[in-house]
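Next, two complexes with chain A in common: one pairs it with chain B, the other with chain C.
Up next, the complex of A and B:
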């Protein structure tokens, strides 16, 4: 337990000293903040136009934002998590296991009384704490943004849903952390270590949903999962490939949590797939052999 | 406490069809300074990696202080200190931060006082808050020795400890090794290809040749056994060319 704690602390200290994770963190926080600003601007602009139109007697329609859930304004965060968040998680994962290989400190670490499982768990906990801190920051920004837009604090139910969304986001991002960590252990070069998980991510986020739904690539950037037209080949392919697209499953689960009326599918199925992907990643990581971890880099 | 600090019994290591170490049998008494000599690729580093539990042997056993390393690797890791060849650290962390990490991994829960004690012992207190990335090879080697002795091990493994050091660095390191052995009673196992180091610091030697231990005896007995030879270098060359003894 002492070793796990020591490795977690070391992981956090190292992440604080490294530039790339910090840059990604700033980009991510800025994107989410901008997302709140865009939501606020959209709401203000549309409401102003609606007010003027109503006063001029040009429309009897109700304000389009009148019956919208306050969490609607956070929905773009989903796509930022799928795009920037997942990339950030991959970089964190690769950096985590690649750091000791690059620094050539593994023999010093492994000559201490600790098992490979303790070593990898310590790293996992360190990265998870870092991600939790990032998501907590982003969650607070989201909550404050929505509160500003609707002019009052979010209620308990909406706050719980928002917290649940960031909880699922952590599980989702950890799947990519594990992917990065495994790649950081097995790859013979640092560039390859980054390239492999990024390729897997792009297949998961873009290729699989597209061959299963014939979705326009641009529409895959929407926070709502793409749905195949019922019947026909795409529907059949969708049945086959959709479960493999963890990013689409995350979109589905998030949409349900953020009260997005456009979302279809089963929440439990989507959330289970996200959890299974993460659990498989952790299991694969913890099965790593001791001599594999000591593998030298060819850089 | 076992009579022998280090025992290797029929120790072998193969990488596929390549044999890196073959049937190593070695016993090193507690309190000795043992020098393992040999050409590059003779199997010295493989031997150290096996003795420090970093590698698993293909066959044979390692026993450190009476503890079987195959059965109780973590118990063995608690009683050994290890300085690899060309030791590296986390360059963006300070001496204290690096040592704190390794001390905690060795089981020290509040390591700062012990780290300061070790740095004072090694006369390295002026650099405890400097980042290791800015250190010379000699300074890194001092931090390397510090991390190896933080947890007060009884057996110290040094892999080519003087490699790349300037003459002053070699001299300082030699003094440290002798002090660790004489003042703290540590058994020292040193890999080297510098015969002058062995003559000045070791009490017994072994010579590796193509993955096998070609010679093993005390330094004194070795010098007596070759009365016509005026230096360890000529003895070494004679043993090297003669084969296993």
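Up next, the complex of A and C:
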């Protein structure tokens, strides 16, 4: 247990010194901070458009944003987690396992009474603590932004939902951390180690949802999961491929937690798939052989 | 043969031998082809639904024939263009970065500069290699998607369609060279290779994904599934009249979008391929009149990136002690 904690502490120290995760963290925090502002600005514009249209007698429809939850202002955070968050998690994972391979310090570390499982668990805990701190900060910023926009503190129910959203975000990001860590262990070059998980991410975020729903890549940069195109083989393909797209499942789970009225579907199924993906990632990581983890780099 | 051409030849040989890079380009190729297949299948499903509806109308004695869905083959390339703007740009960065990173990591840069080569021979040679490599890759990708549209979409092309495809392939080539040249310049400019990769990845994330996504999010019509104005039952002329009252907001949104070179590339390609309805089946001159400024922006960006790469890829910078 002591050795796991020592590895975790070292991981946290190293992460604090790494540049790439820190730069991505800054981009992520800035984007989440402005997402509330963008949400408010857009909602206000839509309400003004509706007002003008009603006054001109062009429509009898009700305001589409009437009675939406205050958490609706945070809906864009979902997409920043899928874009920036997942990439940040991949970089964290890759740098975590690559660092010791690059510095050739693994032989020394593993010469101590420490198993590979303990070593990898220590690294996982370190990264998880770092991500928890990031998401807790971002969550507080989100809470404060929404409170400023609506002019009062968020209620207990909305606060719980927001906390739940950042909780599931942690599980979702850990899946990409594990992907990055595995790539960092198996790849022979640093560039390859980064590119393979990024390619997997792009398959998950763009290719798989497109096959089932026919949605184009740019339209998938949306906090709402894409809907299956009716007819033909699309329904069957969507049933087959949708569960594999962790990003779409995360959007589904987040939409429910953030009370987004546009999101429909089975929340339990979505959240379960996110958990299963993360658990599989952890299991694969912990099954790494001792000789594999000590593999030299070709760079 | 000049030193630049010798370096370019050697780089092309290296790129041909790089299995990983070939696999990555193969992945982009598969993604763009899948996208065309999905779009063509979607059209087939729409056509089948129309035929069933028509049969039902006929059997009920109704003589009204609704308009059949029209296939515009080049519109099936929308997803493919989007893949090229997102994944193409990412892999272009990796290619450009790799050309300098490998020299620094293997310490072959010292060997190269032990030969009497001119100031710009090394960057020029590498940029020529990038241009040739992307020419082959873009030609292969466009040939593959054209064949897929013809086979899966059962489409036939006219002479003007080939011109549209050629122009779109050319701007795609420029766009990808820009990202590779930028990454090459960054890898030469920074003392640490990892810093170059950080800057390039953050630029990619911001320019390719975040800014266009923000612009898209701020579009009032995108706020409601199916479109705000459709959901409110407002016709197009009235929609334009209402939106005219929010010109300030729209100018800010558009300003944000055009700060991304990816959006310029997208607008130009969508106009020439007729993906944007306004330019569909219109003469090439009309598309040019509408998006010449986007072409100019891509043109400036590519020359800016090449200029940056040529300026910073110097003997002094490359022979600095790499950390």
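Just so we're on the same page, the second predicted complex is superposed on the first by the 273 of 299 C-alpha atoms of A that agree within 3 Å, B and C clash if a C-alpha of one lies under 4 Å from a C-alpha of the other, contacts with A are read in each partner's own complex, and residues count from 1 in each chain.
Quick note on the criterion: a residue touches a chain if its C-beta (ideal position, glycine included) is under 8 Å from a C-beta of that chain, and two chains touch if they have at least 3 such contacts.
It should be emphasised that the depicted structure is a prediction, and the values quoted were computed from it without experimental measurement.
Engineer: Pick one for A:12: touches chain B only (first), chain C only (second), both, or neither.
Structural biologist: A:12 sits against neither chain B nor chain C.
Engineer: Tell me which touches more residues of chain A here: chain C or chain B.
Structural biologist: The partner that reaches more residues of chain A in the superposed model: C.
Engineer: In the superposed arrangement, which partner chain does A:24 touch: chain B (first), chain C (second), both, or neither?
Structural biologist: second
Engineer: After lining up the shared chain so the two structures overlap, which partner does A:79 touch, if you call chain B first and chain C second: first, second, both or neither?
Structural biologist: second
Engineer: If we overlay the two complexes on their shared chain A, which of chain B and chain C does A:3 touch? Say first, second, both or neither.
Structural biologist: first
Engineer: With both complexes overlaid on chain A, does A:110 touch chain B (first), chain C (second), both or neither?
Structural biologist: Touch status of A:110: first partner only.
Engineer: Look at A:61 in the shared chain and tell me whether it touches chain B only, chain C only, both, or neither; answer first, second, both or neither.
Structural biologist: Only chain C is touched by A:61; chain B is not.
Engineer: Quick one: is A:171 in contact with chain B, with chain C, with both, or with neither? Answer first, second, both or neither.
Structural biologist: Neither partner.
Engineer: Enumerate the contact residues on chain A facing chain B in the complex.
Structural biologist: 2-3, 5-7, 9-10, 13-14, 17-18, 99, 103-105, 107-115, 290-291, 294
Engineer: Enumerate the contact residues on chain A facing chain C in the complex.
Structural biologist: Residues 19-20, 23-24, 27, 31, 38, 41-43, 45-46, 48-50, 52-53, 56, 58-61, 64-65, 76, 79-80, 83-84, 87, 91, 189, 191-192, 194-195, 198-199, 202, 206-207, 210-211, 214, 216-218, 221, 224, 229-234, 262, 299 of chain A touch chain C in their complex.
Engineer: Would you mind writing out the residues of chain B in touch with chain A in their complex?
Structural biologist: 49, 52-56, 74-75, 77-78, 80, 82, 84, 86-93, 97, 101-102, 104-107, 109, 147
Engineer: List the residues on chain C that touch chain A in their complex, please.
Structural biologist: The touching residues are 20, 24, 27, 31, 34-35, 38-39, 41-42, 44-45, 48-49, 78-79, 82-83, 86-87, 90-91, 94, 97-98, 101, 105, 194-195, 197-198, 201-202, 205-206, 209-210, 212-214, 216-218, 220, 223-225, 228, 231-234, 238, 242-243, 245-246, 249, 266.
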